[in-house]
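The first chain written gets the first letter, and so on, giving A, B, C and D; residue counts start at 1 in each chain.
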Amino acid sequence: MWSRNKRVIGMMLVALLTVGLISGVAVAQAYERSETLYVSGAAWGPASTWNPFQPGNLANTTGTLGFVYETLFNYDPLTNTMIPWLAKSGTWVSDNVYDVTLRDGITWSDGHALTAADVVYTMNLAKEHEALWFAPMWNYLVEVVAVGELGVRFEFTDAPLYQEFDNNLYNIPIVPKHLWEWRTEEQITIGANANPVGSGAYLYDTHGSDRNVWLRNENWWAIDALGLTPAPKRIVDIRFSSNNVALGSVIKGEVDLSNNFLPGVAGLADQGIVSTYFEGAPYMISANTAVLFLNTIIAPMDDPAFRKALAYAINVDDIVNVAYAQLVAAASPTGLLPSLSAYADQAVVDALGWSYDPAEAAAVLAAAGYKDIDGDGYVEAPDGSKIALEVTCPSGWTDWMAAIAVISDSCKAAGINLEDVAPDYGAWNTQMQTGTFNMTLNNWAAMSNTPWTLYNLLFRHPIQAQMQSGNFGRYDSQELFDLVDALAAVQTSDIAGMQAICSDIQTIMLTEVPMIPLWYNGMWAQFSTSTWTNWPLDDDNDPSRLPTTWSGYWQLGGLMMLCELELAN
Amino acid sequence: MSLRVEDLTVYYQTLRGDVRALESATFSLADGEIMGLAGESGCGKSTLSNSLIRLAPPMKHIKGRVILDDQELPIADLHAMNEYRFTEISVVPQYAMNAMNPTRKIGKMAEELLRSRGIDARKALPELERRLDLVELDHDVLKMYPIEMSGGMKQRMVMVLSTLMDPSLLLADEITSALDVSTQKAVAKMLVGFRDREIVKSIVVITHDMSILYQIADGIMIMYAGQLAEKASTETIIHSPRHPYTKLLITSLPKVGVKHDEVRLKGIPGNPPLLLDPPTGCRFRERCPLAFEPCMDVPPFVEIEPNHFVACWKEGGANA
Amino acid sequence: MTRATKKKRNEFLYFAMRNNKLKIGAVIILFFLVLAAVGTLLTKNDPETFAGPMSSPPSAEFWFGTTFFGQDVFSQFVIGLRATFLVGAVGGGLATLIGMLVGFIGGYRGGVIDEGLNVMTNIVLVIPTFALLLIISAYFEVRGLFMESIFIGLTAWPWAARAIRAQTLSLRSREFVDLARISGMKPLRIVFSEIAPNMMSYLVMAFILQFGGAILIAATLDFIGLGPTQGFSLGIMMQYAVLWGALPLGSWWWFIPPGAAIATIVGALYFMNVGLDEVFNPKLRET
Amino acid sequence: MKRYFGRKLLIYVITFFLAVTIDWLIPRLMPGDPIQNMLARAALNANAAERMYTYYTHAFQLDLPVWQQYLSFWNALLHGDLGISTYLFPTPVVDIIKAAVPFDIFLLLPAILLSWWAGNKFGAYAARTKRLDNTVLPIAYLLTATPYMWLGILLAWVFGIILGWLPIAGAYSYTMGTDLSWAFVGSVLKHWILPFLSLFLVGFGGWAIGMRNMIIYELEADYSHYLEALGAPRKLIRKYAFRNAILPQLSGLALQLGVIVAGALVTEVVFSYPGIGYLILSAIQNQDYFLVQGCFLFIIIGVLLANFLIDIAFVIVDPRTRKGMVGE
């Protein structure tokens, strides 16, 4: 028995060794390096769906939207311009009629032509299936009809939400009617859509639990129509589960572009080991705003004076310089990204804005009656009750955990008893949505063509039992809500009209401080120039490129980056 | 003369000093003799038996020689003794119930034991089976594991195993104490059978059960507190013992076989001395009703009659 | 105390003092215990504050260097040591206690109660308790060190219960227990005044093993982020080190000390255990 | 033997039943709402979110009465259906696990068997060999006391980062597809070595020490003394001691499975090795209760199965169980 076992195990060992030896000798049949671009940082889990209507889960198959499925328009957030894409043009014929003309000669990857029928079909899906994310568009949309092969007409009610619609124009993926019209509701809304057929620059090749592989579509319409050819024949989108591995791979040049948040990149960039968009701080393009939501229905956060004192008390410089080691920039009190600075009213900011100032925080607190009565170093409320608060972020979100540590430290220094706590993601999410938190960080507004996107997050209304996607602190101001609604209904071409409303919003926001924008989370991007060069850089005079692979950003300049890449010598 | 032990002294080394478990034992054993070795627990009879076959630490050989069939055994050398163990001198240990590997079939174990002595087990099989017949064990036991056997079966099996190499001397240590009375008798008889068939030349039976000795032993040697007290033919020891201790031992015996480990000499006041620091002279003297002045010196083990040895100043010697 | 037991105790002490394994193990444990106790006096830095230069190697001021944020690794380390010992003592202690309870009751009472406890023990033994711990930990939004220790204790006991039951079984039929029973002693008293003292060595060794085991389990939980949600432990230090790229950034001083300390402490415990075994069991002493 | 297996089987059945029930309770006891967490990531318009919430709740049958959910859970389970993952929506949990299991088997089986085998061999060899006992065994103590992840981190740091010899993440190279070529096999092996080593070394230390201690006990057992008294060669005595010492080591293997699973879990996390361990952590972090359920169930079944195999092995090696002399 035992000798037999020994023999079996011995044989196993020999087999393993043999395989090892042979494999060592065999020449690796890897992907050709000069044709392959290795990227990482976008996918946080294994790929599971190629259904372009699943925005949340698409994060893990970052090319489904943008590579495979395309949108009518692309958008360049750096210059704030809409770029005609599948659409050759789009015009508001009247206040409630929008006409789109598609490009001629676009084909799906199976050879069928992409026509107005496909666009109409796609738009109508949201009318039939309320579970699709863009279904609310039909609240103000009357019908979408084809006008010939290439024309599409959108007819609206009297009050279309222009801002949202514009946003939809570069976010709704157009799907092929001939392959989708037979599908059940379930297949359309939640089906995995394996082996997707789209119109875009790349085709699905393969995937694993830690990667997505895309192959260039050599018959892509834009090669001829726009003279654009993505440089890499193959894109391997790697999901690194740890910063260690991601950082190591970038340093070694095994990964060409990492969009992970990697600690210590500033130092590596300074040493020339990796490249970043900016040569110095903040190194990264600002991508979204990290906002400290304050639960305004709980004392003392229901007191604007206390909220303003908080705004003065938080040492954002430490967040920027220590927690992030200079990889981010402090946010404007308006919360608007630099790309939307046209809508930030500097006069309002100058008059009402704030920056880190512990003395001012103390003064504001004292003036509002917050005093340290019992001498424990922390102020008590005007009615004498103790104040003990918590600031949260999800456990494991390391940069934010470091940030809330700074927040709690600086608040304590200013006399506000604030502890930093990191519950698990689910618990954090529940607390946030049910309003059972004190203060928490959130950054759920993506880069956008309009300030409305941010305000839609900050001042989501009406106030409900569950605030699922905004206004977590339940700040209630009808005046403000009306302003946000009014902004949504302004034509995106009416810059002055938007600015006027934004100015009013900002006046209330900076006076009342319903929440505190703290810093801009970066569009983390560190690249290696060992194989590919001509990455998007700050000094570049062609800004329509973003160094990112994040889901939903290909049509915001990510694809353009691929087209501009060049092989290193 | 098969076995001759001369002045054998073996101590146990402990932290608190040497335990003088066997002191100057000198005796001999004739060919074909079955000698019983008896005495209370801790009197050194197992020490004597162990030192003949496996004198391992903490036991320590102090002095003395052991001569078996004209050869001196290197008893102090654990390794050199291997040559003699099993072939010349063998043992049926006290723990015979647990002496066999629980995870090995009996036959396999016998085979491996034989092979370690360079003997082809297949050729030895007929003889093995003959001996199984001798102890009335079915041949199938070779295919059994020890746990499948009863205590008596195990005892007999160990007897067969231990004598496979036809040793000159067999030490049988408490072989009956764990068995019930009827089995005791059978096992004892088989032991005699081994001698009668000349599988072994002579046997030392270590026990405190005098009744068994009465049945099978030719001679009996009595030990007390590490010293030899008396040695004579079975008849003599039972009916006309000379040493005061033997006398007390015989009179205090229950009628049938004593099974319990602790034989207490109720008639003798006091306890056996601690061997860590034994009294000088005769170690029985403190309990001896006849003790007198000379007992302060160790009495010699002298032959007061042919084949009757006694270590007592009252018997033989100068004061005899 | 009778002469015999006194002598016995002296003998244990003698062998204990002579046993190198026990001595080496004990010295190591003592060293870390002292470090955990007085370590905070050796550094003026709070483990959480950004006290020094970022990611700096060990120096005279920061003995174990600093973290990515410039926190003092040494002060985190000594705080983490405390957590380690706490988890070991509470988790290991609770596991031993439950193990004793189940083992004693099952072993002494026998019958249906024993059968029931046996089945229970075997079930907990078979269930991969770590997976269960993961889920339990994830259930609590905010977790503390003490709570973690309790959970570990609640899932780690079957091994001890089994061993103690077997020992109790063998002691149950001994004379002195019979005597106590005949004299009308209550079962619980028999267990604690007659049986338990006679297997003290066994209990001590079981506790040591459970102590070490609890430390390892806690470190594993902490490392994957299911440990205490506040404060430091050696496992949490390793987690942070890995999360903040200490490997590619070369900050070895951040992840080496915590793991080395755990391995050394638990290794020393196991070493002590074998030493104790040799002390209590004369057969095993080196000959 | 019947009694032995009967008892074992009873315990397995009860364990399985309890485990499945615990398993079913998981998504219902966990904090937060799995559907909400899934939708939250989509950052939807409030109206759409509400509609989708109803939709998904129904899809996951979370709107049924509790007892009905429990029954249908068993029913689905017996049909091999573990529901749909929310984290990897809309992939069925069974498919996800199926994809991960080969990696677990590939990593764990050799690591467990080889470390057990080599550790026992070495421990038996080192026992009562003074030189080895004093030099190598302390290292074994340190090994078995080493937290799996720390050993993993050290190996990754030394061999992956400093020396750059071996990859430290994934199951095969990012530079190739999964077509079965020598290069692919080589890449798989290269990625396997470090996680395997972390598991192997810790296990090896533990088994070596266990065996050393067991052998020392066995060498003092009666049957060993008997063999010595018969002058049997040292080799034979050790062989017999080994045969007996291996039994507690075998049941030790069964007892250790839970610990090994935990070790495998963190090792997979350290090396991003795509097995169940790695999966269950992702599932927990992403509040994917259905996947957590599936992974937990799989681990339970795996451990029960392994226990059962060890029981069978025990019967083969230990005559006492086979002859029904020992209850368990």
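Convention: contacts are C-beta pairs under 8 Å (C-beta built on N, C-alpha and C of every residue); 3 or more make two chains touch, one makes a residue touch a chain.
All values reported here derive from a predicted model rather than from experimental measurement.
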Distance in touch steps, counted as few as possible, from chain A out to chain B: 2
Chain ID, smallest distance between chain and overall C-alpha centroids: D
Reference chain A; chain at largest CA-centroid distance: B
A-D compared against C-D, more contacting pairs: A-D
CA centroid of chain A to CA centroid of chain D, Å: 38
Gap in Å, rounded to a whole number, between the CA centres of chain D and chain C: 22
Gap in Å, rounded to a whole number, between the CA centres of chain C and chain B: 50
Chain B-chain D separation of Cα centroids, rounded to whole Å: 55
Sites on chain C at which at least two other chains make contact: 138, 141, 225, 242, 247-248
Sites on chain A at which at least two other chains make contact: 242, 244, 248, 396, 424, 427
Complex interface listing, chain C residues touching chain D: 119, 122-123, 125-132, 134-135, 138-141, 159, 212, 216-217, 219-220, 223-226, 235, 238, 241-242, 247-248, 252, 255-256, 258-260, 262-271, 274, 277, 283-284, 286
Sites on chain D touched by chain B in the complex: 221-223, 225-233, 236, 240, 243-244, 247, 317-320, 323, 325
Residue numbers on chain A that touch chain C, as the complex places them: 242-244, 247-248, 251, 262-264, 318, 322-323, 325, 395-396, 398, 402, 405, 409, 419, 421-424, 427-428, 431
Contacting residues of chain D [partner chain A, same complex]: 30-34, 36-52, 55-56, 59, 85, 87-91, 96, 99-100, 110, 113-114, 117, 156, 160-161, 164, 168-171, 173-178, 181-187, 189-190, 243, 246, 269, 272, 274, 278, 282, 285-287, 316-317
Residues on chain C engaged by chain A in the complex (per definition of touch): 48-50, 54-55, 68-70, 138, 141-142, 225, 229-230, 240, 242-249
